[in-house]
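The following pair of complexes shares a single chain, chain A, combined with chain B in the former and chain C in the latter.
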Partner chain A sequence: MPSWPAETKYISHSTARVDGAAKVTGKARYSSDIQATGWLYGMILRSKWPAAKITDINLEKALKVPGIRAAVLARGKEFTVRYYGEEIAAVAGTSKQACLDALRAIEVTAQPLPFVVNEADAKKADAPRVWENSPNYKEPNARDRGDVNTAFGQCAAVIEGFYSTPVQIHNPMETMGNTISWTDDGLTAWSSTQGISSVRDGLAGSLKLEHSKVRVITEYMGGGFGAKFGSGVEGALAANLSREAKAPVRLMLTRFDQALAVGNRPSSFQKIKLGAAADGTLLAFEMDNYGTAGIGGGGDAGGGGGGADIPAPYLYKVANSRVKQSAVAVNAGSARAFRAPGNPPASYGIESAMDDLAVKLGMDPVEFRLKNDPSKIRQREYALGVEKFGWKQKYQKPGSSPGVVKTGIGCAGAAWPAGGASKNTHGEAQINPDGTIEFRLGVQDIGTGTRTVIAVVAAEMLGLKPEQITVKVGDTRFPPGPGSGGSTTCPSISPTVFDICTKALQQLQTQTGIADARGENWFAACKKLGVNSLTVPGQWIEGLSSNPAGGVQFAEVEVDTETGLVTVKKILGVHDCGLIVNQLTLESQINGGIIMGMGYALYEERVMDDLSGVMLNPNFETYKLPGIADVPDIEVVLINMPERGVIGIGEPATVPTAGAIANAIANAIGVRVSSLPITPAKILAALGKVPPATA
Partner chain B sequence: MKAFQYATAHSTDSARQLVADKGAYLAGGNDLLGLLKEYLISADTLVNIKSLPGLNKIEDGRKAWTIGALVTVAQIENHADIKKTFPGLHEAAADVASLQIRNVATLGGNLAQHSRCWYFRQRDVKCLKKHGDLCYARNSENRYHSLFTGNDCISPVVSSLATTFAALDATAIVLRDGKELRWSMAELYAEAWKNPYAHNSLQPTDLILRVEIPTTRTRSAYMQASDKHAFDWALVSCAAAADMVDGRLKSPRVALGSISPVPHQSEAANSFLEGKVLNDATATQAADLILKDAKPLEHNAYKMPMAHALVRRTLLKLKGDA
Partner chain C sequence: MKNPEPENFGAHSRRTFLKSLGTVAATAATAQVKSVADGLEKVNAEKVVGPDAVAVTLNVNGEKLKLMLEPRVTLLDALRNYSSLTGAKEGCDRASCGACTVLINDAPVYACQKLAVEAQGVEITTVEGLAQDGKLSKVQAAFVEKDALQCGYCTPGFVMSVTALLKKNFHPTAADVKHACAGNLCRCGAHPHILQAALKAAGVEHTSKTEIVNYA
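Moving on to the complex of A and B:
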């Protein structure tokens, strides 16, 4: 069995991003920066109706707009649109303004249909149907374990709560999109994607092209979080526009487009009943949950599904449980995989219920968790966190903080049960006689530092410095690699680079006679290659990676009980992910996860309007995201476990933040705000300060 | 946006002529360009007024200060003597949007900006303010909307500088057809109180030239409550100003923003405070008075306790260290 080196110079230490300078100087070319020769702008016409029967689309006037080179239909001229923002047609032209003018010149004949955009309304039997032939909501079957009714009778304390989470919109820094050039020779797509291989397969499939005729390139891209595995409707439209216009077409979505049609995290409405014995042992759990995945999950859900179900009772061992789950369709954009699908809402719901029950039992929330969480690693993390955070010194009874601005603390746990590695990860290294070495892997960097991880592992294995390693990723012409999702990238590529390096050293020994080509012998060995470079392939091997990862987070907040403003003062994250490859980029990923979790806790929410059926906040003005002034002191504590091999961290980092913040708020003000986001309006309402409406 | 002509005006006369029937004045452009890009308004000519002489100055005076309409929000924020003389104005300017926006946003544009109602700004909704049949907000998502209004539209004024100017009893000097009109903040927004289609009392060719702030009130303060800590609209904003004589309030004024189409003031609250010593009890009574007759809706009733707290806090801030 292979094993990672025990003594390391780079692995588990901190190396700055090898492409950091390129990124901050603007030298790095993101997908949205690509300017292929003769390129055109592409733009999409979207439905302004939440539901309508389209009976005709006329592109003639659009094609006459000066500068317009092509116009194509998304799905023919007759079809039903089922949400505000669904794609109808697309145009390509020489300027953004030409495209905007052309979109307004497209004539669409449509009959508006009844619609429903709100979950509770959509559940009603007489609600307009999103899909004609099936009800919006199907009564779920119960999944039973043990005897939940008897068990509740034996509990010393039982709580019932209704915890809800909103639809969260995918808003990576770089929106979705591609530049696509489609000629008789084949198709090249410069995609903002987290899966160059899946985009290639998707484009080849939908356009009926051979895989060998499609090349996907992603040099740099600005975030995916689960939304960017496929080429999407916008990819197919860009390809068709390119074919039609005989020119490359850059079709990047606007922020408005991004909010409507390319994925989101489903909502959840969790009715939870939880009971425990007097010593704190959980005895019974019951949950009835539903949420919406819009018109349906599915489309481009690769890497984790986009359904509305959540894991329950999540981290905790409960002998008796009954779980009912279902989804309700509404006239709104579909769900997609979103960083740790299902887990953040699950964590928020159960962790809120856990704290509510701890209060009723008169137990310390951490003690209560230690009693019921079977994970040995999380037990260790709670112990570490309690110490670092000063939990025992800071903890006060809910609502007992004096004054108008009250402080509180809370905690929550995370698991990421999926993860692991993609076994079909390949790569190669080209070693040149002058000692330069280039790694080529058909993986892509979604911003987590993939190039740096490859350089760090290679430098460690070869006794070189990370800056001496050239790394090329993001091209389907390289040996195939995994999609960057499910927290699998690092555990897929690290063993692959290990394998390439091991084989390279063996081959150098065979060819040059130098027994150990590492470190100071490297250049001498390479020189002995003579005039020919050496190309060494490798692939993922067993024994160097594993799963799952987890963690716990602690939050400290201040709540102004007169204005409702929540200030997060501190978040401590204690996380494990096996062998730490590069500490700096790992911490950065956890920082990002925590900030994203903060947005989920306090600010983010898709607002759909019942009257008009449109989304009211498809922008960063009223779809609120954390800004730098909102971000607290974040401390990350890592448990390095080399014996477990490499494990991904992307998803667990964001899972427990909302639950920890929600619990800290409840601890501060003494009452529970049981729906996210926890806004000042909801805080004031929970405190009983809001008068009834009079108008 | 639709194609437009672009012209630079070097005098107010030529600005007025260039704007003609269908043009618009362009200064910082923060609001105007957004409106044009979303096709919420159209203009055949954008008249750059940044070169108009004399409108980018801050002038102090014994009786009143004058701030030109082209002075940026950042210049107001960073002016050391404004911070000393009108601390409330400094605080209001510092809370506007983001640093990048404050650097280009002008005083005139801040006062003249249009509704931020999310139905008004939604490109595919034809609401009452856009001459549709229905105020959607009144019947649906009204969390950011008004507690007071004199018409069917419940979109509030969001200029926090206007809130502060109302408390300071400042005057906007508006050029209309070659004549200078002197308007209180109440007058500047009066049309929006009664007319659902109006954002303020300005006609398309009217040009705000400057704002005059009397120095009678030696103390002022501003506070706002938002969902976030920065770069977020006020859910409620509050400004207060007064002189203090022997520990008693003289000529006090309180104003609230984001809860009415005009900066919300109450004569009853202002008169009540006259001659009073500021303490929790008097501040609370003033807050009760200023919110009297508010009409909270389904989703904006939280603004009642929020506004109440802000009135108390802002008033007590006037006490300073004294």
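Moving on to the complex of A and C:
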């Protein structure tokens, strides 16, 4: 069995991002920066109706707009649109301004249809149907374990709550899109994607092209968070425009497009009943949950992982449980995978219920969790966190903080049971006689530091410095690797690079006779290669990575009970991810997960207008993201477990934040706000200072 | 303190505002307001540009950039679509994300909110113009060292906002940095490291609070 070196110079230390300089100087070319020779600008016309039968589309006037070179239909001239923002047609021209003019010149004839965008309304039997042939909502089957009814009768304390979470929008800073050049020789797509292989397959499939005729390049991309695995409608439209105009077309979505049509995290409405014995042992759990995945209607519609189901009772071992879950379709854009699909809403729901039950039992919330969480690692993390955070000194009974501005603390746990590695990860290294070495892997960097991880592992294995390693990723011509999802990239590529390096050293020994080509012998060994470079393939090997990962987080908040304003003062994250590969970029990922979780807790929500069926906040003015002034003091404790090998961290870091903040707010004000985002209006309503908003 | 003259106040003087009104709106307005009519007359006496492309000269990073642009083309589109300077990023195209931040005479400006024709005769600095002779600026070097970025798409905007801050305030506090970056959004959540990097560029070192605990 292979194993990671025990003494390390780079692994588990901090190396600055190898492509950092390219990113801070503007030299890094993102997909939206590509300027292929003779490129045209592309834009999409979207449905202004939440539901309508399109009967005719006339592109003639658009084609006459000066500068316009092509106009194509998304799905023919007659079809049904089912949400505000669905694609209708697209144009390509010599400027953005020409495209804007052309979109206005497209004539669409349509008969508006009844629609429904609110989850509760959509559930009703007489609601307009999103899909003609199936109801929006089907009563779910119950999954039973043990005897829940009898068990509730034996509980010393039982709580019932209704916890809800909104639809969250990915909103990567770079929108989705591509520059595509499609000629008789084949198609090249410079794609803003987290999965070059899946985009290659998607384009080949929708355009009926051989895989060998499609090349996808992603040198740099501006964030994805789960939305950017597929080629999407916008990919096919850009390709068709390029074919039609006989020129490369850059079609990046607008911020407005991004919010409507390319994925989101489903909402959840969790009716939870939870009961425990007097000593705190959980005895019974019952949940009835539904949420919307938009027109996707649940399951894995819209790109995988986009279903509305959530894991329950999540982290906790409960002998008796009944879980009912279903999705409800509404006239809105489909869900897609979103950073730890299902887990943030699951954590928020069950962790809120846990705190409510702890209060009823008169138990400390951490003690209550330790009693019921079967994970040994999380037990250790809670113990470390309690000390570091000063939990025992800071904890006060709910609502007992004096004054107008009340303080509170809370905690929550995370699991990321998926993850692990992709066994089909390949790569190669080209070693040149002058000692330069280039690694090529068909993965892409979503922003987590993929190139840096490859350079760090290679430098460690070969006795070189990370800056001596050239890393090329983001091209389907390289040996294939996985999409950047499921926290799998680092555990997939690290063992692959290990394998390549091991084989390279063996081969150098065979060819040059130098027994150990590492470090100071490197250049002498390479020189002995003569005139020919050496190319060494490798692949993922067993024993150097594992899963799952977990963690716990603690939050401290201040709540102004006169304005309802929440200020998060501090977050402590205690996380495990096996062998730490690069501490600096790991810390960045955990910070990022926490801040995204904070947005989910306090600010983010897709707002639909029931009467018009329109999304009201497809922008950054009214869909609020955390800004630098909102970000609290964040401290991170990493549990180092090199014996477990490499484990991904991207997803678990964002899972528990919302639950921890929600619990801290409840601890501060003494009442539960059981719906995210926890806005000032909801806090004032919970305190009885203003009437609750009516749905 | 003297109030600024209305004619010269801010980016939009009354003259440029009237110039930017469409003919239809202007016609409707003249029917109602005599002062507007007088203003229009004055404007029409000058050369009205557009809607066709006009010659535009931009001073970017110390070099002259000569372009033919429709007057409605923004500075951001001029840089990204009509030159190879794609460092300023488009994140929203409506003044809410700050990814397009550039410096105009050392002040941070959203390039998506400035027409290219209005950006003539001023010194424009983009992220490409910061490094000198291949050497990163202090701010850029600190961003790399502190890992003040992940995907990096918002990074040029943050780098420009912090650069502008340090040009007028050599010893910023954390609150000053937060204020200076209030107009920049980052979805990866690089904020804590951005704060550390900005302070580091001003000579204040913050060591990481991250603690590593061995499980075994």
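In this text, the second predicted complex is superposed on the first by the 682 of 695 C-alpha atoms of A that agree within 3 Å, B and C clash if a C-alpha of one lies under 4 Å from a C-alpha of the other, contacts with A are read in each partner's own complex, and residues count from 1 in each chain.
The working rule: a contact is a pair of C-beta atoms (placed from the backbone, for glycine too) under 8 Å apart; a residue touches a chain by one contact, two chains touch by 3 or more.
A quick note: this is a predicted structure, and the numbers were derived from the prediction, not measured.
Superimposing the complexes on chain A yields a three-chain arrangement in which chain B and chain C clash.
Looking at the shared chain after the overlay, A:K96 reaches chain C, while chain B stays out of its contact range. With both structures placed on the common chain, the touch criterion links A:L611 to chain B but leaves chain C unconnected. Between chain B and chain C, C touches the greater number of residues of chain A. Of the two partner chains placed by the overlay, neither chain B nor chain C lies in contact with A:T436.
When both complexes are overlaid on chain A, the residue A:A629 reaches chain B and chain C alike. By the document's definition of touching, of the two partners only chain B reaches A:T679; chain C does not. Contacts of A:N640 after superposition: chain C is touched, whereas chain B is not reached. Using the contact criterion defined above for the overlaid structures, shared-chain residue A:T80 touches neither chain B nor chain C, since it reaches no partner. Under the contact criterion defined above, the residues of chain A that touch both chain B in one complex and chain C in the other are 97, 621, 626-629. Listed in rising order, the residues of chain C touching chain A in the complex are 70, 72-73, 77, 80-81, 84-94, 96-97, 99, 126-128, 130-131, 136, 140, 143-145, 147, 149-156, 159, 177-179, 181-182, 184-195, 208-216. The touching residues of chain B, when paired with chain A in their complex, are 1, 3, 39, 116, 118-119, 121-122, 124-125, 134, 136, 138-141, 143-144, 225-233, 235, 295-299, 301-302, 304-306, 309-310, 313. Chain A meets chain C in the complex at residues 16-17, 19-21, 23-30, 32-33, 35, 41, 95-97, 171-175, 220-223, 225, 252, 254-255, 377, 380, 384, 388, 446-449, 576, 580, 583-585, 587-589, 591-596, 619-621, 625-629, 631, 634-641, 643. Contact residues of chain A toward chain B in the complex are 48, 84, 97, 100, 104, 562-565, 567, 602-603, 607, 609-612, 614, 616-617, 621-622, 624, 626-630, 679-681, 684-685, 689-695.
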